[in-house]
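Going by the order they are written in, the chains are A, B, C and D; count residues from 1 in each one.
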């Protein structure tokens, strides 16, 4: 007799646990407001990345097309993946001395792991993280970027 | 709780030849290869120690020798001990397997065999774990791979 | 010709053995793990894990990188507890150089550890439900995990692999909103956890699927070195946070969750309880973050004194031990990661033999394997 | 009882007379068969596509997602796009598979579900063939699809497929009993196996209300057992995505896979329609005792609408099951059948027989 009672209590207990689960899914079925999906390409206009978002490495230029990179090469040394290459030139400055300036700051996005060491170690704060995240391209060579804009010069700090 | 000195004394009573290097972070003991299995068996079975948990087993290539390093813990008393064996034969290093004591050692040893080429005696299934059979032993310091390695 | 040879090589069992390859591409192996399973009917006779499909040689790569650069590689071992892995390497450097880390850093690191642990357990919960065929759990778990990832993104700029810890402290300070958003998350997640229980924990089908399955005794757990929630489900007290407290763990009160049944359900219960426990740890710390610097003073080039260093931390999956041999250079001479999943994987043959193939999926789900952590 | 104003027999009758005026009786029958076949084919495809769409939407909303929403308004054309994709896909032949059986299996599965559709009464007077053993016929035909599944698993030369097929065999053979017994309960109540007869007997109330608690128990058992019979979650062991990748149809591609997929959804429709017909009064409107006004209003809703509303109600319940519960293990599946469902339904039948004998039902 006891076992029969056990049989039915098991059965009803089991059914009630099933009902508890169905209540959860049922609740969400009738509350479409709980939908969390973002409609990505549609919301591009309003989509705002966090200000610290690590999208890519950029070199900020001001309105006079000046940047802060001295071409010291610390970022190149610190990069664990070899995704930064710096080509420097020696150019005579106003006093006629040869001075090192960057020719090209080459950044291989395809090899970058966004560890942030280059940005952190840069002594002149010339590098920063950009917010761009749509990096898909059809040609891998497009992922190799030159960070300093053509014709840009190093910003001379007022001493 | 036993102090470091007491632990040292107990280990020395098991294997008189054992050497205790100074100034190490954890208690370290260096034993000859032939006494290695014996020591760890005693460390595990001794009631006062019961080092029953093999945290990790690895090897280091010091170019002059190969060193097998075992980190042991006693889950009961929380002692930590490092057991080291120095294998001077770099060409054909071999050492006893701990598989009989710790099942997990089977896979640590396969990994060591895979990456260092150290052979383990009495190992039930000594096959390479990650790499292909003819790959070489990459964690040895003299390993060179012309294709995949970039020297900086 | 070629394929025949491979087939011959694979079949090592007896003639009547019914061998199937679970993986390397299989929905329930959560990565590229191959389990060579021998079946008798539906029952597993034995199984043989094959790994190495994503072996990247992280230990070898570490020998050519400086300690700051190694951090970003540890992210890619157990990517679900990336922050905790980072912390392990950072702490070993701090130990070796005997740098005193500011209190603020310790607090923040501990909070982030626990957030990372919750995020990892959430992902485990969704994937485990999905392994057992309850597909809806996947989306509920991910929905809630998104809140943690948003907190991460705001502070670190990345969601999963945030190399946020550096030797001596943090890369930069946390975002001003960090405290507020974390508290909001705790409040939110407290309301969602009962739903998890209703949907899966209490469910009679789920309980029948998980109770008494994949029994692992305490001796087996210790012998195979199964740590983390999987080991604690068998009564193996292996929480490094308790054994050797690091960060701010000595300043908070929390319980080490231990279950003694040793089956899949026990491991499940440990993880569910750990989520509650982690929430309470964060709650104790979040209001008391001291003001101060976010990093200790470190030299730009870190050279560890010659010697050997060993450090253990508790990741979401178990004990991560880092062993460094330094010869005084700026790169380590040898770096060994004792990763939790490596040991957790190989207990599979022991605990899954004799159960059904559907149980095998439940067992491998309950061990919560992350394959890159095994291969390294 | 007021006669139903939406009687399709007048429409079908007039088509019949119109055709009879044009050709001899043999040709009339032939033309009608072709017409009916075409209509069913069209309905089969459209319903299948709609069910796939419905399933994706329902599960999406349950999971806090949006579901398909790019192709067409609200994603309505998504499944059609999927169908075109499947049609264009390569049919991959499997090495060392039994080509004949491998290609035959999807047809067996789809023909079985197609056959079962013929006997369903969609509305008053809208039924392709009204057998006097309609319930029996649908039961027999729908359980034939297991042959197709077994063949698919066997011929694929894949271990996953074989395990899936064997599971499916064990599952369908055992759950067939419970489905049969739970339907038998209503057959006992109504005293006929003819589907139109069963519907007529529910004119003054559906069996789920008229048949006291035993009918309700039968209904629950029918829901569970039929979910198992059509291999849907939580009983989808034959496919068991996380264990067997896709079970018996792992190796199928393109349109052959689409056949399995479509048949699965149409089987769901068929059991839901059967449940609606037998327990919820089929196309009969909802009537309450003596509320003449209310009953009048209910009669104005076309019988097709009633039928599909009830069917989709049951389909929603079956989907709700799938998206909530974890999957059972094979031995638990059989335990559930042989230890719980079968004894309960046997006892239920005895109880119903007693009730009918005493004349306690309405």
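Criterion: contacts are C-beta pairs under 8 Å (C-beta built on N, C-alpha and C of every residue); 3 or more make two chains touch, one makes a residue touch a chain.
This one's a predicted model, so the numbers in the text were calculated from it and none came from an experiment.
Novice: Tell me which of A-D and A-C has more C-beta pairs in contact.
Specialist: So, comparing the two chain pairs, more contacts are at A-C.
Novice: What is the chain whose Cα centre is as far as it gets from that of chain A?
Specialist: Following the centroid criterion, the farthest chain would be D.
Novice: Chain B to chain D: how many Å between their CA centres?
Specialist: So the centre of chain B lies 64 Å away from the centre of chain D.
Novice: Report the inter-centroid distance (CA atoms only) between chain A and chain D in whole Å.
Specialist: Here the centre of chain D sits 51 Å away from the centre of chain A.
Novice: In whole angstrom, what separates the CA-based centres of chain A and chain C?
Specialist: 24
Novice: What's the distance between the Cα centroids of chain C and chain D, rounded to whole Å?
Specialist: Averaging C-alpha atoms per chain gives centres 45 Å apart.
Novice: Enumerate the residues of chain A that touch no fewer than two other chains.
Specialist: Only 18, 21, 24-25, 36 qualify.
Novice: Which residues does chain D have that touch at least 2 chains other than itself?
Specialist: 62-65, 323-325
Novice: Multi-chain contacts in chain B: which residues touch at least two other chains?
Specialist: Correct list: 152.
Novice: Let me make sure I understand the interfaces: which chain pairs count as touching?
Specialist: Taking the chains two at a time, the touching pairs are A-C, A-D, B-C, C-D.
Novice: In their shared complex, at which residues does chain C touch chain D?
Specialist: 18, 20, 26-28, 39, 42, 129-136, 138-140, 143, 199-200, 203, 205-206, 208-209, 356-359, 361
Novice: Chain C touches which residues of chain B in the complex?
Specialist: 23-26, 28, 52-56, 58, 60-61, 69, 71, 75, 78, 82, 102-104, 106-107, 111, 115, 129-131, 138-139, 152
Novice: State the interface residues of chain C toward chain A in the complex, per the touch definition above.
Specialist: 65-66, 68-69, 71-73, 136, 143, 146, 153-158, 161, 163, 166, 171-172, 175, 195, 198-200, 202-205, 207, 300
Novice: Please give the residue numbers of chain C that touch chain B in the complex, ascending.
Specialist: 51-52, 55, 57, 59-60, 64, 95, 220, 222-225, 236-238, 243, 307-310, 312, 319, 321, 323, 325, 333-334, 336, 338, 342-343, 346-347, 350, 375
Novice: Using the touch definition up top, name the residues of chain A that touch chain C in the complex.
Specialist: Within the complex, chain A touches chain C at residues 13-15, 17-18, 20-21, 23-25, 36, 50, 52-54, 78, 80, 113-117, 120-121, 129.
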